[in-house]
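In what comes next, chain A is part of two complexes: it sits with chain B in the first one and with chain C in the second one.
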Partner chain A sequence: DSHIQYERVGADVTMKCGSMDWDAAVTWMANGTDIDDSHLNGSYLILKNVDLTQSGQYFCYEGSSWHLKYQTILRVGVPPKEPVLMCRSNNYPKGFYCSWHLPSPTYIPNTFNISVIHGTREMVCEKDVFPKNRCHIRYLQLFSTVKYKVTLTVTNALGKNSTSLTFDEFAIVKPDPPESVVAKPVPNNPRRLEVSWQNPSSWPDPESFPLKFFLRYRPLILDQWQHVELSDGTSHTITDAYAGKEYIIQVAAKDNDIGTWSDWSVAVHATPWTEEPKHLTTEVQITETTSTSTSSFMPPPTTKICDKGAGVGSGAVAVCWTAGLVLAAYGVLFI
Partner chain B sequence: GDSWGIFAFLCAALCNLPAVPALNGTEELGAGQSIQKTYDLTRYLEHQLRTLAGTYLNYLGPPFNEPDFNPPRLARAERVPSATVDLDLWRGLTDNARLAANYRAYSRLLCYLRGLDGQVGAVELRHRLGHFCSSLQGLVLSIAGVMSSLGYPLPAGPAGPPLPPGSSAAPNDFLKKMDDFWLLKELQTWLWRSAKDFNRLKKKVPPAVVTLRLETRGF
Partner chain C sequence: MAAADTPSASLRHHDLCSRGIRLARKMRSDVTDLLDIYVEQQGLDASISVAAVEGVPAAAAERWAEQTGTQRLLDNLAAYRAFRVLLAQMLEEQREQLGDANGELGPALAAVLLQVSAFAYHLEELLELESRRTPAEEGSEPPAPPRLSLFEQKLRGLGVLRELAQWAVRSVRDLRQLAKHGPGSSAALGLADSQ
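After this line comes the complex of A and B, so read on.
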């Protein structure tokens, strides 16, 4: 009958061949290869300063008959280091989840035990099927002044270790990043990008627990981000994009009043609308107008307006005319 | 010892007087705007309280000013109105009940805070406390304004029976400090809760005045 034997890395291991006497003649085998006599002390197998490579199946056979007298599985490992525990509420006010991991492997099986204490009450943290090493709790009460204490204990055959977290209900609120971030150019607006997104689907009640958002954007060629904080709405139009430059855009979310900002959303790329390039040789007269720019060391942006007098081709003229009409319409609205 | 008991008695007596009627000014604004103002006030107070609580807990000294301090809740702390509420119950509160709970809680919390004010030696801390109490009074009045503009009757006074004199006297200095600790904690939690309460109310009562947002165009 086989059994499993757990030993620490660096330990000295002595294996006895079952009930055989010390002076019996035996042969030991490990993972299909003979073990030579230098490791034997009588019929005992001595493994000094074991390492991970020595894990495996060990067999002991009686000398002449080759009867299998003993077999064992050796697993070399280490006791667990202090685990890393994290708790977070991404679905406030429904509850929170905790997830954990070991900072380094133990090479042998570990069991995790988690306890959650709220004041005098012990709560049950239901283990998730996936991902493993995660459990969730539903809040029974809201707006509690009493802290939650979460203790995680990890145990294996060679030892145990534990860690604890103590926190207020509000301190661990951190939504998931916004979803479905979309950035689109705005036709006939070379300096605009329209960004829209959705509340993270894990946030259960945005009506009563509204989120606010933080948008950051920069052209790929620059390192410095520009930021906009938005207290409501799930869209925003960037109006100071540099013409023709590809932008990278991200959004983060936070409960309006409590907790911390989410991680940044997946980045989206977009380039503002640019005029169609002209293929024909006749030059189109382009009027350049300089609009005011806020930073003095950046090149002034230019807005190209199609001169409606240019006759290049019917398609190009149509574009020019449309641009002109749109501009005229805007002008009328905002004078 | 004794002074706390006397104070508690006075507090109970004063707090059971009829509530001050809402200022005329708030009745002219739509209910929606009042709710927004009240919401903004809770955020302002919450911000103020962070500094005030830090200073006050330092004044109390360790272990009260330690971030991990997590004492068990003693029965005597039950006097301070608690923001803690069952989730479904909180969701199902009527607008009236929601507002009334806030009104009662802050009226009582204000009373207790004024008590702190009288006992603190440090001038700087007294100033801060005094300023905070004024702002908190503003919040109580603001809530009263919302209630009256929605046609709800103001609660007669803080909920609960008046405290019998002497019963609330802390038997020793440490327990007195515990009282102060829990008072500040509940106040902080109430301010967080109120932000959520007023968010819910905002959604249900449309603002009377629509603000036009003029966006500057790049032309």
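After this line comes the complex of A and C, so read on.
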């Protein structure tokens, strides 16, 4: 079995060829390549100021017989820096989870040990299968004023480091974002968009622990968001959208009474309803041809698009006025 | 129990639960403001830890989800009756220490005391609707406050207010469970899928 040897970046490493005498003739190889004599002190291999590229398998052979006398795996790395730890309850009141990572790699294996203390009680943090750097705790008590203390220790062959977090039950409550956000135009309403969403599936009991929501929306062409806070329900109708402009919409969630807002949901896009423009184009072309032969121009009393029988409500009035103005403008141009 | 099952009783139950939730949320908001005033006027560090205070009902509950509606009401009522006494004692101590120079603290304490009293009364109404006899308050005279140094008094007061803030949140949750299960549901468990 190969022996593994861990060394710090920048260290000087001396490898002995097993039980061979110092003055024995030997050959060292690393990762299938001979190591030249400049790195040898007798039969000892000397590696000065090692770096990550020198990790690998090292073999030592007796000079003439080429018997393998020693082998080792060299792993060059660094001790762990202070880990980054976060804890959050996205499934209140079931429990909370803690997750962690190292700010920079160590290049060698690390083990993580987490402890959770609540008052005098030590609680078990069950490691998740995936992701590996996470564990979860079930609440044994609710509404406690006693804080939780979570300590994470990371250890590798070159050293250890640790960090702690202290918090109370309410402070870490943060739901996942709302799901299935849908935004639709409202037929015959050029300034409305209907938005609906669902509670995050990770929130276990929205009936007993209801969420409130924050909706933000803006037309793509502007940077400024509009915000609406909604204390109940999972839908909202935007009534002040700019006609014909595409909107981007997002929703966030928070427990009604405790904790912080979720991240924003996935953004959805929608454009308010607009009336079909194809008749307008056809009528303008016909009228333009007619008006070039007159010296004064009067807009036609009615056009097909202003037919009251169309039953399109206030939108139709705006279209009629617009058509009239367009026609008048063409008339002026051709006088 | 039959009275609790009538449609009018259900409506009244729902109404009392809804109003109770609003009262509890308002109370929590005011207690949070009171805590800020208290910490500032008493010259305390807001992050200071306070050990469990004797005589202060702890809001912490194990197996909270499994409690019956009646148990929730009884626990809440016992707690707010205790807070009524504790806050009255705190108010008296403030007046003795500061006299008329009570500043914001005295009126804020008095306002919360009023809300606590009102909430306790509200809970009694709910219990009566559940056709439960409202338990009598123990003794006619409140127990004498423990003899403490001024600093210990301040810490005790902090502990009282923090626990009251927790209770206000718990009460909102308890009343929602109550509303969910309807009147006369003392046999029905307040079991949420959550625990």
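Operating definition for what follows: the second predicted complex is superposed on the first by the 279 of 335 C-alpha atoms of A that agree within 3 Å, B and C clash if a C-alpha of one lies under 4 Å from a C-alpha of the other, contacts with A are read in each partner's own complex, and residues count from 1 in each chain.
Keep this in mind: a residue touches a chain if its C-beta (ideal position, glycine included) is under 8 Å from a C-beta of that chain, and two chains touch if they have at least 3 such contacts.
Just so it is clear, the structure is predicted and the values come from calculations on it, not from any experiment.
Participant: In the superposed model built on chain A, check whether chain B and chain C fit or clash.
Facilitator: Aligned on chain A, chain B and chain C clash with each other.
Participant: Quick one: classify A:F170 as touching chain B (first), chain C (second), both or neither.
Facilitator: both
Participant: Applying the touch criterion given at the start, work out whether A:V266 contacts chain B, chain C, both or neither, answering first, second, both or neither.
Facilitator: Neither partner.
Participant: Identify the partner contact of A:V146: answer first if only chain B is touched, second if only chain C is, both if each is, neither if none is.
Facilitator: Both partners, chain B and chain C.
Participant: For A:T239, using the defined touch cut-off, is the partner it touches chain B, chain C, both, or neither? Pick first, second, both or neither.
Facilitator: Once the two structures are laid over each other on A, A:T239 reaches chain B alone.
Participant: Tell me which partner A:P204 touches in the superposition: chain B (first), chain C (second), both or neither.
Facilitator: A:P204: touches chain C, not chain B.
Participant: Given the superposition on chain A, which partner contacts more residues in chain A: chain B or chain C?
Facilitator: B
Participant: If you stack the two complexes on chain A, which partner ends up touching A:R191: first (chain B), second (chain C), both, or neither?
Facilitator: In the superposition, A:R191 contacts chain B only.
Participant: Contacts for A:T120 in the overlay, against chain B (first) and chain C (second): which applies, first, second, both or neither?
Facilitator: first
Participant: Is A:P93 touching the first partner chain B, the second partner chain C, both, or neither of them?
Facilitator: A:P93 sits against chain B and chain C alike.
Participant: According to the stated criteria, A:V182 is in contact with first (chain B), second (chain C), both, or neither; which is it?
Facilitator: In the superposed model, A:V182 contacts neither chain B nor chain C.
Participant: In the superposed view, which residues of chain A touch chain B and also chain C?
Facilitator: On chain A, the overlap between the chain B and chain C contacts is residues 93, 139-147, 170, 207-210, 256-258.
Participant: Per the contact definition, I'd like the list of chain A residues that touch chain B in the complex.
Facilitator: 93, 119-120, 139-147, 149, 166, 170, 191-192, 207-210, 239-240, 256-258, 291, 327, 330-331, 334
Participant: Using the touch rule from the top, collect the residues of chain C that touch chain A in their complex.
Facilitator: 25, 28, 49, 58-62, 64-65, 162-163, 166-167, 169-170, 172-173, 176-177, 180, 192-195
Participant: What part of chain B is in contact with chain A in the complex they form?
Facilitator: 43, 46, 68, 70, 72-73, 82-87, 90-91, 182, 185-186, 189-190, 192-193, 195-196, 199-200, 203, 217-219
Participant: Within their complex, state which residues of chain A touch chain C.
Facilitator: 93-94, 139-147, 170, 204-205, 207-210, 256-258
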